[in-house]
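Think of it as A, B, C, D and E in the order they're written, each chain with its own count starting at 1.
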Amino acid sequence: MKLKDILSPFTAWKHVVREPVTIKDPFSREGADRYRGFHKNDIETCIGCGTCEDICQNAAIDMVPVEGIETKDGDSGLRPQIDYGRCCWCALCVDVCTTNSLSLSNHFTWVDEDADVFRFIPGVDKKDWDNEERGWKKPEPNYELYEKERVPMRELHPEERDKSFIEMVKGYSKEEAEREADRCVECGICIATCPAHMGIPEYIKAVREDNIEEGFKKLYETNPLPEICGRICTHKCETVCSVGHTGDPLSIRWLKRYIADQVESEDYKNILGTDGIENNGKKIAIIGSGPSGLSAAHYLALMGYQVKIFEAFDKAGGMMRYGIPEYRLPYDQIDKDINYILSLGVEIQYNTKVGKDVSLADLEKEYDAVFAGTGLHLGRSTRIPGSDHENVYFATDLLREITQGKEIHVAEKIVVIGGGNVAMDITRSLARLQNQKYGKVDVTATSLESEDIMPADREEIVESREEKAIVDPGWGPTSIEIENNKIKGLHVQKCTSVFDEEGRFNPKFDESQTKFFEADMIVESIGQGMDIEYISKDIREQMEFDPRGRIIVDDYFQSGAKWLFVGGDIIQGPDVIHGIANGHRAAIGIDKYLNEKA
Amino acid sequence: MEFSIKNIGYALLTIFIVLNYGLILQGIIRKIGARVGRRYGIRWYQPYIDIIKNYAKRSTITHGVMFYIAPVFRLSGGIGLLLFMPVIFGSEIFSNFSFAGDLVLVLYFQFFGILGMALGAAESGHPYSAIGVSRGLSQVTSFELPLTLGVIAIAMQYQTLNITEIVAAQQGGFLNWTVITNPFAAAAMLIAFLGAMGRSPFDVVLAPQEIPIGPPTEFHSGLLGVLQLNRAIFPVAKLILFMNLLFGGATNWFELIVKTFFIYMWSVFVGVVYPRFRVDQSVRWFLTVPLIIGIIAIILIRF
Amino acid sequence: MNKKRFTINEDRSLFPEKNAEGKIDIDLSSHKYLKLWQGPQHPGITGNMSLELTVLGDEVMDCETHVGYLHRGFEKLMERRKYIQCFPIVCRVAVPEPDFNEYCFASAMEELAGIEVPEMAQWLRTLVLEMSRLQSYLMWIGGQSGAFGSGIIGQWSIYLRDLVLDRFEELTGGRVYHMYQLPGGVRGLLPDGFKQRMEETLLTIEKFMDDIDKVMFNNAVFKKRSVGMGYIDPSWVNKFGITGPNARAAGIPLDVRKDYPYLKYPELDFDVVVGKDSDIYTRADIRRKDLLLSVDLIRQIFAKMPEKGDIKAKTPNVLHWKVPKGETYSRAECTRGEYGYYMVSDGTEYPRRINVRGPSYTHAVALLEKMIINTNIADVAGLMVSLHTYPPEIER
Amino acid sequence: MKEDFKKRTVISPDGKPIEIDPVKDYFSDAKPKVYKPAHPVIEKFANWARANSLWVLGFGTGCGAIEMRPLMTPRFDAYRYGIQWRPTPRQSSVFVISGYLSVKTLKRVVRTYEQMQNPKFVIALGSCTINGGMYWDSYNTINRLDHYLPVDVYVAGCMPRPESLLTGFEELKKIIKEGRGEGANKYAENFDWYKANQKKIIKDWDMPDYNW
Amino acid sequence: MKDIIDRIKTKYTISEVVEQRKNLSFVTVSKEQAISIITFLRDIEGFKHLVLLTAADWIENDKFQLTYLLNNPTEKIDLGVRVFISRENASMESAHHLWEQVATYQRELKEMFGIDFPDSPGVDKPFILEGWEDIPPYRRDFDTKQYSEDTYFPRPGRESNDPAEYMKKKLYPNE
C-alpha cells in the first residue's frame, strides 16, 4: 500500500466546492432538434395510404376514419392512429411516409394514470406538440427507403420516330420492370381511382416476384384488353399514386403492358384457363367493337353467353384502332387482345352499321339483350367564322382515315385547335406525315387551356415538342382568316381562365392580347359528340335522357329500355379504361337482368 | 448523583435535541456527500419525512418476537450511550446520568445495539441479514480493540473512568485536549471511529452491492422507523463520546455542534472517496495499524 | 503486483475435499452450507439475472447462473418480421450498447444483399460505434467502482455518459436506442456544430478521467480489492471463448477492430491495449485505456471524415426487400468483446434465422460460474462487473 | 415444481426427522388485507409524507432500468425531489416496472410486489407495460401489466427519458396527495382476479398464493 | 482457406462448400463425422476458438441445421461447420468436452429447438424459459404471435382498415 494511493483519492473532495452539474429544471428540458418524440401528422397532406402501418413492426398504427375527412380519389379518408402502448419511436413510419406528412416532434413526456389513453390520431386529436417545429423529419439528402425516381422508359429517339408510325415506346425489360415494380408501396389507393378497379398492387407484386402468369390472371379479372390498356390507358391511377406525392408515381401502365407483353397469344387460354366454357344458350348483341363492347363481350362470353358484335367498320377495335395513331398503339397489339376475345366464341359482324344495315328493333327481337357501346365519333366544331372551310378538318375523321390507309390532305402549315390527347395524336400524326412528305414539320397545336391545365398527358406534350411540333396553349380561337378561298391562318386571343369559380366551363379572354397562327390547314379537336341515331324513336321513348341529352343509365348501365344496356364513351369517358369498366359492369348487369327475368 | 423525576425530563429533552440534530446532521452530511458527486442531493429535512413515512405505513409483518425487540435493543443502545455521558459539560440539565464508571458502561453500549440487531436479524430469516450480522459482529469486535486500548490509555492518562472528569481535565484551551496531549491514543480511537461509524471503507455491514442491506434487510414500516431514529441518535451519541474523550467536550450547544460536525466529517472525508474493504481485510486492518498505535499509546502512558 | 491467485484462507483443512471433477460435493442437509440468491433484484448484479450461490462461511462453494429474466425471443420475433422491421428491434438486444447490434445486423444484411455502404455513412458508423463504446465504458466504470462500494465514481461517470447521450440525441435522434445504422447506410449527417460540442464533451471526459484515475485507480482500497483478484488464465481464453478486454487483460491481443478490420478502422491509427496480470485491476485498467482510446479515435474520425457525402446506398424498397439466399457472420468489437450476428437468409422478405452472439454469453455463464467458486461473497459483484456482462445479450 | 419446493423430510441438528413443506412452511400464505385509510386529517398528513418520501425499489426489470442510473446521478438527481432508492422490497414504497416483463421476471415481480408494504405504488414505464410494446407478439413477455398488478402511473416512451420519468414521479405524488394511491388495497380487493391472471401465465407456480 | 478444406477432404467427406467471403467459409458435413472434424479443426488446423453454436430450422426439409462457427485466431479465418440432423427426435453428439461454453449453447438449443445432446452437463435443466409447456419456441411451427394473443390478451379497442378495402366500401360498394 503506497502512501500516494492513500492520499490521492482525497482529491475527489475538490468537487465539493464546484457547482453541481444537475439540470436545474428537468421538467421543461427539451429534446434535441432531431429528437424522435411524439407523432405529428399534417392531415391535409396525408392521404391515408397506410404505408406507415405496413412498415410498423410493432403493429402500433391503425388506419381509422376521421370525421371531416372524406374518402375521395387519392385519399382513403383514413388517418393513422398510433398506439403508444406499442410504438418504439423508430420513426420508420416518418421515413417511409409517402407524402412526408408524418413527422415526430421533440416532445417526449406523456404521463397518465389510465393506460387506455395512450392512443391518438396525430393531427386530429389536439396535442401540445402539434405546432412544434423541431423533431425528427425524414433525413436528407439521398435518403429514401424506396426509390423515388421512376425507371425511365426506353423510347425511340425523336429523330428515329418522327417520320414513321413505328411504336415509339419500347417497353420495360424484365430487370427494369422488376425495378419499377419494386417501388410500389402496395397501398392500394389507386384501385378506387381506376375506373375498372383493377387489382393494381397485386399485379405489380406479380411483376416484382416474376410471376407473370399470376399477374396476367389478375389483369384479366378486371380488364380484357391489357395490351391496349398497357399502352394508351389514361392511367388515372398514376395521378393518385401515393409514391407520386414526393417522387415519380409508379409506371403502372407500363407494368401492365410489361405483363401482357410477356405472354404469347397462344398461351392466353392456357394461363387464363378459359377453355371449354359452357354455353348457356342465351344470345347477346353488342353494338360496336370498342373497348366497352369488347369488354362486355369478353365477360359475357366467360359467363357462357353467345355474343355477337356488330361493327360498322371492317376491323374491330373502334376508337382504339381508328382514333389512336399506330405509333402509340400498334395494330398487332390490338389484334392480340381482340383475337383472344374472339377465341372465346365471340362473333363479329363487320361492316354492319346498326340503324342502317340492321335495326335495333331487330336486335331486340333476335337477342336476349343488347349492349350498345358506340362511342363518340362525331367531331365537334368550334363554329368560329371560317370553320366551315373545306380545309378545316375534324381530328377524329383524319385519324380514322390515316388508320384506314387513306391518303389525307397534309398541308405545309397546320394548326390544330385543342389541348386533349386527341389533339396531340393528330398533331403528332400530322407532324410525321409532314416529315414524310416535306421533310420538315410545321404544325402548331393551340388550346384554350394554359399548359398547366391542359387535359393532354404531360408526356404527350413533351413528346410532341420533341417531334418538333409547336404546342402553344392558352389561346382562344376567334376566327379563321381565309383569303382567296385559301386558309391563311387562325386568329386567337389570350384565354385568362377556362373554368369559373364553380368549376363550370366558362372561358374568359383578354381581348388585348391576340396572336395569329399562319396555316393553310386547320384541324379541330375540341371534343367529340355521340351519334345515337340508330336508337329509334319508340325505343328512345322508353329511355331517359338528362337535360344535356345524355342517356341516363343505372348502376349496371341498363337504360330505361330494360333490354338495352349502354356504356362506354357515350356514358362515361372518353377513355378506354372507362369503356372497359362499363363493359364489365354491363356484362354483370346483363347477367343479372337475364337471370332475374328467367 | 441523585436520581429524580426531573432527570427524566432532562434526559427526554436531551434525546429530543439530539434526535433533531441527528436528523438534520444526517441530511446535511448526505448533501455534502452528494456535492462531491456534483449533485444537490436530498433536501435537508428529508430524513424527517422518511421517518414519518415509515411510521405511516399501514401494514407490518412479523417474523417473531425477537424481530420486534431488535429495533428496541438497537435504539436503547443508542439512547443508553447518549444518556450515560455528559452532553454539555458543566450543564446540570445535559449532564444526564454520567457517573463515576460511565466510561465502561458507554463502551458496553457501543456493542449493545449490534447484539440486539443480531438477534432480530437472525429472526428475520433473511440470509443477508445473517451475513450482515456476522460481518458486523466481527468488525465491531475488531475495532473495539484499538478503541478500548485508546480509552484505556485515556483513562490511565487522566486516572479516572468518569467522562465528566475526563472532560473537566481537558478544559482550558485546545492544547489541553486529549488529541494533543495523547496523540497516539487519539489516533487509535479516531481510526476505530471510522469503523464505528460504519462508513466506507468499513461499511461491510450494510454493503449494498454485496448483501443489500445487511441486518435491516427485513425491517420495514414502524420497525424501520425505530431503526431510523436510532440512526439519528446513535452517531451523535458516538460523536459526543469522541468529543468528550478527545476534543475537550462542549460547554454549550454551539460548541457541541461545531465539534461533532467536524468529527463526523472525518469519517465522511474518508468514507466518500474509498471503496469498501472486505470483512477479512477490514478486520485485518483494525488488528494491525490502529492496534499497534493503541499499544504504543498504552506503553507511552505507562512509562 | 501480486500475481498469486487469490485465496481467502491459506489453511484449507476446514474446507471439504474436491471430488474428481474438481467440484465439491455439497450436502445441503449438513447445515454447513447456505444457499444464497443474488438477483434478480440485487444492486450488485448487473442487469436482471441471478446467481444461485452455495456458501460456506464467506466463501462461495458453488455457483449457478440463472438467466432468462430478460428473454424476449428476439431471434423468434425477427423470423416473423421483414428485414427493415428487424432494424428497430435489434438495438434492444443489448440495452447499454445498442449500436453494435445495429452495425452487425446491417453489415450482415448488406453482405448478403451485396450492398456497398457509402464512404460518409461508413465514417458516421465508425463514429457512432466509438461513441457507443465510450458511453458503455463510462457506465461500466461506475459499476466497477460501485461494486466495491465507492459511489462517487459512478456519480461522475454516469454524468459523463449522459453528456455522450446528449450528443447521441443530437446526431441520431435517440437517447438510449439510437436506431441510426439502417441497413444500407445511416440516418443523418452530423448536425451543425456537432464536432465542436463533441470536442467539449471529450475534454470534460478527459478532465474527469484524470480525477477518476486518482480516485479509483490510484486508490489503496480499490487496489486491495482488485489486484490479484479474479484471475483469468491465458489458457482459458480459447477454452471458454473469451474475447475483448477480458482476453486482452490476459495478454492475448484479441481485438476485432485490428484482426478483422471493418468500416474505417484500417484508416485509424491505434494500438490494441494489452495487459498481462489478468486480474480485476488489469481488466479495469485496460478498459480505462480503451475508453481513452475511444476519445482519441473520435478525434481522429473527426479529423479524417469528409464534410459531406451520401448517407445511404440505394436499396430495394424496404417494404419488400428480399435478401438473397445465403448465410453469413458479421462481427464487431464491442466493449465486452466480439459481438456478432449470424444471419441465414432463405431468399424471402423475412430472415430465416438470426443468431446474436453476445460476448456475455460465454463470460457470464460458463466463465463466471467457474471463476466465482472459492471467492468471498463480497467479491461476487466486483468479479461479475469486471467481466463486464450484460444479461440481455445472453438470453436475447 | 422445483425440487427445492417439494415436501421432504430432513434430519434436524438434534437428529430427529422433521417433515417440511417448503411452500407452506417457509412462507406465510395469509391473504392480503384491505387497510382502511385513517382519519382524513391524519391520512392527509401521512399522504404528504408518503408523497415526499418515495423509496423506489432498485429492481431493473427491463430496458428502462438503464435510465434509472441517470436519475440517481448528478444529471437528473431525483434525490432532491424526495425520490430515493432502496435495495430491499420491504422498505420500498414505489415499484418501477421498467418496461417489458418476461414471464420469468413477472413471477419475481409479483413476489417482490407482495413483499412491499401497504401503501405501495407502481409506475409502469414504456409502451411494453401498456400494450406489449415492441414485444407485442413475443411468447415470453406480457402485454398488459394492469392485469397482473395495479398500476398507478404510466409513462409513455420507449424507453421513457429520465425527464419523463421524473414527471411520472410528480404525477404519482399528486395522486398520493389526493389520496388515490390505493393500489395495494385494490390488489387486496381484487386479489382473486389478479391471482387468476398471474396463474394463467406463470406455469410453474411454486409459491404460496400470497407471500405476505 | 482452400487448402484447409482440401486437407479436411483427405480425411473426411464434405458435401458442400460455400465461400461466403475471403475469410469465412461454410462446409456441410455429416452428423457422424461432425465432432471428429471439429476436433480435427481445433487441434490440428488451429481453429481454437468457438465463435458460436446455433441451429436453424428447415422445416420444409424436415431438418435442423446446426452451425459450429469456428475461428482461427492466428490465421484470422472463420469456418462454419454445418450439420444437418433430422427434426424427428433431434439429437446430436455433444461437444462440451471441446469448449467449456458449449454446454451452455447446448442447453439453450435443447430448450429452444428441442435438440438433445446426450451427456452434455445440465442439458435438461431449463436455461431461459421457466415452466414452458408448448413446443420449443424457436421451431418454425411455433407461432409466437398466436401464442401471445392467446396468452397475454392485447388491450382491446384496436381496429384498423385497409385503405383499398375501405375506399371500396366508401366509394364503390356495389361494384
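A few notes on this one:
As a working rule, contacts are C-beta pairs under 8 Å (C-beta built on N, C-alpha and C of every residue); 3 or more make two chains touch, one makes a residue touch a chain.
Remember, predicted model here, so these are calculated numbers, not experimental data.
Contact with subunit A and subunit C alike is made by B, D, E. Of all chains displayed, C has the C-alpha centre closest to the centre of the whole protein C-alpha set.
Relative to subunit C, the most remote chain by averaged C-alpha coordinates is A.
When you average the Cα atoms of each chain and compare centres, the chain farthest from subunit B turns out to be A. For this pair, subunit B with subunit E, the centres built from the Cα atoms lie 61 Å apart.
Distance between chain centres (mean CA atoms), subunit B to subunit C: 42 Å. Distance between chain centres (mean CA atoms), subunit A to subunit E: 49 Å. The geometric centre of subunit A is 89 Å away from that of subunit B, both derived from CA atoms. In subunit A, the residues touching two or more other chains are 9, 12, 15, 20-22, 31, 57, 83, 85, 88-89, 115. Within subunit B, residues 34, 36-40, 208, 212, 272-274 each touch two or more of the remaining chains. Contacts with at least two other chains are made by residues 42-43, 68, 71, 73, 76-77, 80, 88-89, 152, 155-156, 159, 175, 177, 215, 219-220, 224 of subunit C. Across the whole structure, chains are in contact as follows: A-B, A-C, A-D, A-E, B-C, B-D, C-D, C-E, D-E. If you check the complex, the residues on subunit E that touch subunit C are 18, 20-21, 23-24, 26, 48-52, 54-57, 65, 67, 69, 73, 76, 78, 80, 99-101, 103-105, 126-130, 137-138, 140, 142, 144-145. Listing the residues of subunit A that touch subunit E in their complex gives 48-50, 53, 61-65, 71-72, 76-78, 83, 85, 115-116, 119, 187-189, 191-192, 197, 201, 555, 585. Of all the residues in subunit A, the ones that touch subunit D in their complex are 20-23, 26-27, 29, 31, 57-60, 83-89, 108-115, 118.
Subunit E meets subunit D in the complex at residues 128-134, 137, 142, 144-145, 147-149, 151-155. On the subunit B side of its complex with subunit A, the touching residues are 32, 34-40, 269, 272-274.
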